[in-house]
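Input: one structure, supplied below.
By letter and in written order, the chains are A, B, C, D and E; residue numbering begins at 1 in each of them.
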Amino acid sequence: MDLATVAGIIIAFSLVIGAIMSGGSLMLFIDFPSILIVLGGTIGATLINYPFGYMIEVLRVIKKTFFSSVEPPTAIIAQFMDYANRARREGILALEPVIKEVKDDYLRKGLQLTVDGFEPQIIQDILELEIGYREDRHDLGAEMMLVMGAFAPAMGMIGTVIGLVQMLQSMNDPSAIGPAMAVALITTFYGALLANLIFLPMAGKLKTRNKEEILNMEMILNGILCISNGDNPRIVAEKLNSFLPPKQRESTD
Amino acid sequence: MDLATVAGIIIAFSLVIGAIMSGGSLMLFIDFPSILIVLGGTIGATLINYPFGYMIEVLRVIKKTFFSSVEPPTAIIAQFMDYANRARREGILALEPVIKEVKDDYLRKGLQLTVDGFEPQIIQDILELEIGYREDRHDLGAEMMLVMGAFAPAMGMIGTVIGLVQMLQSMNDPSAIGPAMAVALITTFYGALLANLIFLPMAGKLKTRNKEEILNMEMILNGILCISNGDNPRIVAEKLNSFLPPKQRESTD
Amino acid sequence: MDLATVAGIIIAFSLVIGAIMSGGSLMLFIDFPSILIVLGGTIGATLINYPFGYMIEVLRVIKKTFFSSVEPPTAIIAQFMDYANRARREGILALEPVIKEVKDDYLRKGLQLTVDGFEPQIIQDILELEIGYREDRHDLGAEMMLVMGAFAPAMGMIGTVIGLVQMLQSMNDPSAIGPAMAVALITTFYGALLANLIFLPMAGKLKTRNKEEILNMEMILNGILCISNGDNPRIVAEKLNSFLPPKQRESTD
Amino acid sequence: MDLATVAGIIIAFSLVIGAIMSGGSLMLFIDFPSILIVLGGTIGATLINYPFGYMIEVLRVIKKTFFSSVEPPTAIIAQFMDYANRARREGILALEPVIKEVKDDYLRKGLQLTVDGFEPQIIQDILELEIGYREDRHDLGAEMMLVMGAFAPAMGMIGTVIGLVQMLQSMNDPSAIGPAMAVALITTFYGALLANLIFLPMAGKLKTRNKEEILNMEMILNGILCISNGDNPRIVAEKLNSFLPPKQRESTD
Amino acid sequence: MDLATVAGIIIAFSLVIGAIMSGGSLMLFIDFPSILIVLGGTIGATLINYPFGYMIEVLRVIKKTFFSSVEPPTAIIAQFMDYANRARREGILALEPVIKEVKDDYLRKGLQLTVDGFEPQIIQDILELEIGYREDRHDLGAEMMLVMGAFAPAMGMIGTVIGLVQMLQSMNDPSAIGPAMAVALITTFYGALLANLIFLPMAGKLKTRNKEEILNMEMILNGILCISNGDNPRIVAEKLNSFLPPKQRESTD
């Protein structure tokens, strides 16, 4: 559970609602047709921008901003120190029984290739290909959020221009100008809100999560290659510790 | 057929039209000279920006956002498992009869070079050159749409400034100010609409399609090199599966 | 002659002039001091931005957007197939008489180095250096146009702010406000026009032309290296065809 | 202590406050609800954008813009000249007693690996991994400030739109329009102030400090590799001096 | 002396002053507190953005946009042809007496390393390190100007918002609105002027000068490596000529 996402949304929206209510009724800012054109138009533009299959991805990706389960990098180091010591003492085949217990797809694949005795260069090629394409796929989720964060204010602006044109065409009653312009501005408000409090920060959270996942995969890649090369456990520790901030490193003595 | 493009255009434009009609007549927003200056000016600027030959490309590229036939990556893996097994059992020449049935230019070229016995390094050079330049050419289509998506709002803004200058010059009748300003804003409306609901999302769709095509070409490149190197079918499977999200992978046992 | 540039300028400017004349006199939009501050200010800022010698480059570069003579890539392939066959049959020295007839500096240099018997690695170093720096120099032309396309609207905005400040200072006569504001907006109009219908699309045309020239140079580089390596003409054909879209390729049988 | 940060904040804010007070009361610009929506909304959006743990990083990072202790590069060169000479005369093991006195984690790790006799290639792999990930982590701090510098003006704009909508809805009393609009603009003012005088320049300071730290690490990396390779002290001096501007270099004779 | 910088500043500023004086008094646009908040605020933000030491760099860098002494690349080629011929005829040591006469630090260092007989690979490492870090340091100057070019309009905008809020709060006398708004706009005017006629084009000039310097260093690097490798003078000529536009090349016969 990513509490920061929940806390951020609650804080930001309650401040916005509070600011509205301190100056008047909340109802002034709730206008269903305005929501429809901004949100619906954004969805429409996003559908033109991506194939259908990707839209389901959006839902999966929004879920990911609320829930996340990236393993702490220190746990990965501990695991690899264990693997390296076993492989050193009992040979690489000693890792065979470990494989079944491993939950992470990528680590399991790497260990299996190592135990099966493929050359380090081939293992590296395969595992690097996987990091590369995993990164591309994950970046797609963040990119979709960025795209929606660009279309939402544009739709808000289009809605406001429509409202302004209609107001300007029928400017007989000066007292009606204010409220008509207020309504026209509501779509700008929705566009800015959706972009800055939903789409863009969610894109940021996804990018952060992806970086953490890719960091873990790169640690696993380095660890697997060390084991496959039969490196000294000391080298494994030094290499993998290089991924961590100095404070999180454990003494390797 | 790319239904998402059709659905997106229908959703977005019906919402915009609905928003207009809920507030007044649609006719207020249909102004032929305004369409002419925004669309024509955008086409003019695009002609200065690209050689004539590229403009035909625009039409081809728009068509591509509606129709697309990217082969699913899983089919490519199945194909290569078959090739790798045949080559393993019967030798590389066993692939000769397959070549004629292959429809994809790139795959056919790769297989032909392999069967003809060129060295893997030379095959890689040739096939990588082709990916590189194919990517450049395809990116061009998306880039042209982005360029048009930048010129359209600029032309809309130029149209609005023209209208404002004319209105301000003849401000004798205050009751005429509103409608004149409304007309001036129509070009801004067209520019925003063309950019955000046509050009920019179409550029996005093209980029997505190109990425899918390049991914397939990279899978084919990797597969061809494995066969040309005489790699174990297991390695072929592991390498090509690295391109897929874990869920789509098939067990290789 | 690049007809697209001419056609684009004619289309775009006649639409803008048409839009102006349909709403009033063209004279309203012709204001010599406004042209002076926008165009002169842009030239001034560009002089601060680039050394004197580069400004002559601007004129050369503008000419290039109207005239261009990039050789079609298919002609280059035909040429190299001929060279490769001759070199194969009669030895590399058979290319000596060809060199004098070659007009393109780069191709001539490459052939001369090959005939002189330098090692492929040295030829590659020299020819790649030249591509790299040619690309830098040519990008400079497009970059100068982009820079002018950024300064022009800024100068337009500065002109408008000057006009607004003067108008606001002397707001005694309300009927004079409109026309004064109209005049102030003219510089914004010029800035947008210069940027979006001249500088930015010309930058685009230059970038496109440069890409075509660099593509040809890369084809020549690949062809020269094949010949210098004594490659099979079939490899030459496959490599050079990789630069072309499939439709333009000729059968190599 | 980074006096420039302190001086910059004092100069910029006293000028802003001076500009306000020269035109009226400072109290006009102090509006607690406006501060709340801009600052609180920015924090909320940043929480959605980053995991909780990163927010503590923000505080650490702000502190870093005020205090900094990057070692001068010339001191690093002097140190390495000493190490290189000792290693040359007495062998690499002569560096063992030095290690304990070294405070910098990175330098100590590099020396330890060298003294332990690992191969230069392995030392380079480990130390480069560490530079890469240290750079990523440090860039994160600057990136968080940039993100906050983007959200703050957006929240300011949202606040202003809210104020405008409320003002326009109740435009009965024309004399109230001015003050209401003034209040609406205050959030725009806060957003611009936070972004341009706090978040964005602090992001710049962090980037500058990170570059200095990474430069030092790259000098250390080059120095360690020279020692591990047993390079001539003259080469060590030439290499490390290459990192400095010519004026700061000391004669190596 | 870089006359283009002087000419550009004179042209741009006389046009702006001319535009102002053709419409009223220049004094309307001279407002000391406005200059203070825009220029002072920009300096303040820049101090937060960079350490103190870098601010002196700003002055050095501004001087550099007026004075510059980049050696013409053709002179470098002539020099190296001479060195290469001497080294070819009399051996590398024949270059020893030349070194003392060389003024350029980088060329002298390269020649010294060559004469001292270091291996080409080591010379290349040292000279490339120096190009890399020289480029970083020089880019810093251009970057500082860009940063100031971003802060100046932001400070102008902040000044205008302050003015608008004060004006709107005290809108009792309608005839005072115009002049108050005019004053508020002056900071926007200063910000745009400083950014577009000083900071941004100076950043451009610095970037151009740095490119020229780096180009010369890359020519020197290539020349030194040729000599250190004992390359044929013909290769030296071909390599170094690759850096020049075809027109500037001299026949090497």
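In this text, a contact is a pair of C-beta atoms (placed from the backbone, for glycine too) under 8 Å apart; a residue touches a chain by one contact, two chains touch by 3 or more.
Model, not experiment: these values are computed from the prediction.
K.L.:
Counting hops between chains that touch, how far apart are chain B and chain D?
P.N.:
2
K.L.:
Could you please state the distance in Å, as a whole number, between where the Cα atoms of chain B are centred and where those of chain C are centred?
P.N.:
Inter-chain centre distance comes to 24 Å.
K.L.:
Using mean CA coordinates as chain centres, what's the gap between chain A and chain E in Å?
P.N.:
Going by mean C-alpha positions, chain A sits 39 Å from chain E.
K.L.:
Please output the residue numbers of chain E that touch at least 2 other chains, ranges allowed.
P.N.:
Within chain E, no residue touches at least two other chains.
K.L.:
Line, ring, star, complete or other: which one describes how these chains touch?
P.N.:
Contact map by chain: ring.
K.L.:
Name the ring's chains in order, please, starting from chain D and stepping to chain E first.
P.N.:
Counting round from chain D, the next being chain E, yields D, E, C, B, A.
K.L.:
Spell out the residues on chain D that touch chain E in their complex, using ranges where they run on.
P.N.:
Those residues of chain D that touch chain E are 2-5, 7-13, 15-16, 18-20, 22-24, 28-29, 65, 68, 175, 177-179, 181-182, 185-186, 188-189, 192-193, 195-198, 200-202, 204-205, 208-209, 211, 215, 222, 234-235, 238-239, 242-246.
K.L.:
Write out the stretch or stretches of chain C touching chain E in their complex.
P.N.:
Those residues of chain C that touch chain E are 33, 36-37, 40-41, 43-52, 54-55, 105, 109, 113, 116, 118, 122, 125-127, 129-130, 133-134, 136-137, 147, 150-151, 154-155, 157-159, 161-172.
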